[in-house]
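Letters A, B, C, D and E mark the chains as written, and numbering starts fresh at 1 in each.
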Amino acid sequence: MSQREPGRRDDEHRADVPGGDPLAPSETPDDSVLLQARGIRKSFGDNEVLRSIDLEVRRGEVVVLIGPSGSGKTTVLRSLNGLETPDAGTIDFAGGPSLDFAAPIPKASRFALRDRSAMVFQQHNLFPHMTVIENVIEGPVRVQRVPKARAIAEASALLDRVGLADKRDAYPFELSGGQQQRVGIVRALALKPRLLLFDEPTSALDPELVGEVLQVIKELADEGWTMVVVTHELSFARQAADEVLFMDGGVVVERGAPAQIFTNPTEERTRRFLDRILRPLD
Amino acid sequence: MSQREPGRRDDEHRADVPGGDPLAPSETPDDSVLLQARGIRKSFGDNEVLRSIDLEVRRGEVVVLIGPSGSGKTTVLRSLNGLETPDAGTIDFAGGPSLDFAAPIPKASRFALRDRSAMVFQQHNLFPHMTVIENVIEGPVRVQRVPKARAIAEASALLDRVGLADKRDAYPFELSGGQQQRVGIVRALALKPRLLLFDEPTSALDPELVGEVLQVIKELADEGWTMVVVTHELSFARQAADEVLFMDGGVVVERGAPAQIFTNPTEERTRRFLDRILRPLD
Amino acid sequence: MNENLQLFLDSFWPIVLGGLTGTIPLALASFAIGLVLALAVALMRLSKNRVVSGIARFYISVIRGTPLLVQLFVIFYGMPTVGIVLDPWPSAIIAFSLNVGGYAAEVIRAAILSVPKGQWEAGYTIGMSNGTALRRIILPQAARVSVPPLSNTFISLVKDTSLASLILVTELFRVSQEIAAFSGQFMLIYLEAALIYWLFCLVLSGGQSRLEKRLDRYVAT
Amino acid sequence: MNENLQLFLDSFWPIVLGGLTGTIPLALASFAIGLVLALAVALMRLSKNRVVSGIARFYISVIRGTPLLVQLFVIFYGMPTVGIVLDPWPSAIIAFSLNVGGYAAEVIRAAILSVPKGQWEAGYTIGMSNGTALRRIILPQAARVSVPPLSNTFISLVKDTSLASLILVTELFRVSQEIAAFSGQFMLIYLEAALIYWLFCLVLSGGQSRLEKRLDRYVAT
Amino acid sequence: SSGAPEASGGASAAGDDFGLVKAGTLTVATEGTYRPFSFHEDGAGDLVGYDVEVAEAVADKLGLEIDFQETQWDAIFAGLDAGRFDVIANQVSINPEREEQYLFSAPYTVSSGVIVVNEGDTSISSFDDLAGKTTAQSLTSNWYELATESGANVEAVEGWAQAVALLQQGRVDATINDELTYLDFVNTNGQSGIEVAATTDDSSLSALTFTKDKADLVAAVDAALEELRAEGVLAELGEKYFGADVSE
């Protein structure tokens, strides 16, 4: 981390004590708003990809984004993680930073934004030249300056929790797709972010490997981690989401509790999309 | 086609007459056996990938192969298509060729085998440097020596049937994944094979594009094409398959009608696999 | 200074002419022949037959491991001892073609390997033989990948042709040497030669860009 | 014949020694410095700042578009006219480093671009700055890709160092020329020199294979 | 032509019997970049020079066409050995090593070597003074040997122009070369800050060079040279290029 925000709690490295629960979320669920994004717009050239997106995430909440390909789901996540700079709008984290994209964003704020969240990618994007444990401690050690021994202890505990204790010293290519994706999740967790962002974490997996990854994410949700998940696994959304947003053409078409969205969508577009996925042959 | 089998019917190019139904299968369903494979074995180095596979496909039948990753499904299809040479076993097509892999296979027989079937790949494998129509007529014109004008007429009709008449002159990169896959299917159909082989034709697609491809395959099945399909889309298997084979570890663990396999598998391994796919979160 | 400028101007056209009548035709002819050779060597190198691929490896190793100067010497001054006497131009074209054949073979081999295996298989499944798949499916795609490295090979070749003066071919650099020897202003003249080489290369790079654009028409940008 | 064999044997060790004391150290030093330079140039070339990337493009274009001979001459004979007089070895190392810098820059640039964009983003998402991501994530992966083309650059460099004799550095080829000039047996001695270059290249290629294997430990084979 | 039979006495005047590379034509190798002996007029013009004109006069006498092949010194003997040329006309000086391998005509250039130094350099006034000094020499000349024998450290350069550049830049102390080359340089460039510090006692002899199987041709060439000398042609050519007869 290139800098520290003044508002950041000092006890953020809660898993200091080996034996402390490494899967405990870094935010206590207390229903207060963790993240508020307002009026996010983003164009690539002439292509207006996001047209005023509003998003509110409470502590401990699981928000699921669904929508057709190209609707802008990934771009939303990337904007939250500071990988993409919106053209307009605001992003506010409780305790900072607060960014208004009307003006150019100082580098420090962008780093602070990245610091708050961590992303799990569709294609895992593990570092192929590092072993599993090296992948996981890279962020804590190189960026957050956590002492290496402590980082290793914490990483090992996390790997253990997702059933990968014996893969510590394997290279990514030696793992199955599901194992790779679980390492990707651990790599994100090791940063102790306040918000986890998942971009279709299972869509590149063989179907019988999907379960092991969804299971891990669901456990994290149950334990109170705050997360935004882009996924096409509607059964997961049904079971784990607090709120589901349906995006299409760069806008949020509909949002609501999963029960409502899946059983009784108000918008025709939502219904058509869900039909196509749930009943592809009709 | 480098050669003609004596047993091959002369009327194989049935769609000669423009206006003839280009989607009509090249075999009339009559319940006689089209393909019989016995005791197919294949090892890659020390890895025994197929351990005595038996497979019988009747004319007009749809056989679906399911099974975990690495169980050998692709290798079975590739063996049927002559892309892989088994170490042992026999493959007999009604009307030839008849191959016994105990001895080295003459080149002519391998070409004859390829000639009988056509494969649709997971990653479509369209030729990126050719337009859609060029992709489709390449086989008929270059290999089967069909006059170009006739090949174009037939290809156009086929493209029309799968809803891609207006994409004739597009390059593959200009198409969506589902469109690309449909062109892949048309490319296979244009060869008028006796047997269509599909290797996970929808698993690389965005979920909302899966339907349009499955729909085309189902229509082909309904029209009487003989096909072997590897897929994880169980709803498709349920609706379209005449027989479902569950493979694991290079053997066919269980086979039967879809109703039986999906609702009441006899093997524990089959049950576990289906559970993992159908209920990933339990 | 003025005198130098005069010399520079007087020399410009003769040197360019040396390039147009020597360097460029020599480079073009050798490159064209060398490419054909390189394709053959690349295919041999990819062969499963170990003797065939061994021959190709050996050829590539010798061509790349020994100085071009010596290759030229052997062909022009060495071959006559076994009764083969070739004129300067044929000798030069043979030597440079063999040289390009060695260097470009590795480029072409890499380009062929860079085409996904699925493309071969798609070819096979529509009934193609190895040769047809190579010709219709693989090479057109490999061509795209190999344009940048091949154009490097070509630009190196353009400059390497200066060695042809050793075997009596008059080209750009030879003309410069003659002028330098006469005037004694070797620094000025060699700089001028460099400038002219550079201009040629700029033109050739322009051609490369155009070719790349043409070959890129079927990929998303 | 016997006399020739004697000459061949007598010359062998002096030529090899010329290689060991001239060619190899010159090539190694220039390559090491050239690589650092090339990395800098590659990064400049990738910069979004058009002036910066323009400078890098110009540098690369000049280095690749002009004969190495002239580059050597400019540094050795040309620089003194602006008051910079360098000894042969420093001149040679500077010239060859600059040359490697131009050629290797494009290789390194391509290697950096070949690392999937997702790797940069994975670095960013764990909080890395551009520089850290480059150093920790991208370059180690780019290194793997660039070994084969860079070893080509190195092998070319080994042979190109023969030009150093023009600026008074004694190396393999210079020794051969001296022996050839005194004996008059140009053909024989040049062939011998070629053989020795080839032996050096074989040894270097062996090193390349070993390095590749080391760097490949983390990819499926 | 490389398989030409050994000359068997009885010289014939008929050109076709010399075993020439090309019947009726004398194929002459020369550098074309060695002023004033073999160079291009105005840089890119016709091939001219003392050696070039001598060779032309000889061919004329023999009733042969002449064809010049220009190449670098590196390749010139290799080409002669390979039977690509009949003769080298490029100020090849006669020395015992070369006489073992080649045949020489009668010499057509007699000249001295000179030590050239920067003006005002008094530290060198004889060949003995070269001991411990550094000189720049072209590898291809026999001046290279002379410099070595005198105890100088020799830096090998491409040619005269580079040697002078090094001398003027103060990177070497001297260069030894043909007096004729020096004179030609001074004639065209003025004194340029260099001067002669010493001259050799013995003179060096340059001659046309042939392979050993060309005895008949050498005899005929010698006769032609003798005639040219008698007719004053050689002296004339010397006057033209050096302002003096250099053939004796």
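Everything below uses one rule, namely that a contact is a pair of C-beta atoms (placed from the backbone, for glycine too) under 8 Å apart; a residue touches a chain by one contact, two chains touch by 3 or more.
Chain-to-protein mapping (UniProt): A, B = Cystine ABC transporter ATP-binding protein TcyC; C, D = ABC transmembrane type-1 domain-containing protein.
Small disclaimer: the values here were computed from a predicted structure and weren't measured.
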{"item": "Path length in steps (a step moves to a chain that is touched) from chain C to chain E", "value": "1"}
{"item": "Chain labels contacting chain B and also chain E", "value": "C"}
{"item": "Third chains touching both chain E and chain A", "value": "D"}
{"item": "Winner on C-beta contact pairs when D-E is weighed against B-C", "value": "B-C"}
{"item": "Most remote chain, CA-based centroid, reference being chain A", "value": "E"}
{"item": "Centre-to-centre distance between chain D and chain C (centres being mean Cα positions), rounded to whole Å", "value": "20"}
{"item": "Whole-Å gap between the CA centroids of chain A and chain D", "value": "46"}
{"item": "Euclidean distance of C-alpha centroids - chain B vs chain D, Å", "value": "52"}
{"item": "Multi-partner residues of chain E (each touching 2 or more other chains)", "value": "74-75, 78, 81-82, 162, 165"}
{"item": "Multi-partner residues of chain B (at least 2 other chains)", "value": "none"}
{"item": "For chain D, residues that touch 2 or more chains besides their own", "value": "77, 186-187"}
{"item": "Pairs of chains satisfying the touch condition", "value": "A-B, A-D, B-C, C-D, C-E, D-E"}
{"item": "Touch list for chain E against partner chain C, complex", "value": "2, 31-35, 39-44, 69-72, 74-75, 78-79, 81-84, 159-162, 164-165, 185, 188-189"}
{"item": "Chain B - residues contacting chain A, complex", "value": "68-69, 176, 203, 206-211, 214-215, 218, 232-233, 235-236, 239, 273, 276-277, 279-281"}
{"item": "Residue ranges of chain C in contact with chain E within the complex", "value": "7, 10-11, 14-15, 73, 76-78, 80-81, 85, 165-168, 170, 174-175, 177-187"}
{"item": "Chain B to chain C touching residues, read off their complex", "value": "1-2, 81-83, 111, 114-115, 118-119, 121, 123, 125-130, 138-139, 142-144, 171-174, 187-188, 191"}
{"item": "Chain A-touching residues of chain D, taken from the complex the two chains share", "value": "116, 118-119, 121-122, 124-129, 132, 136-137, 140-141, 144, 217-220"}
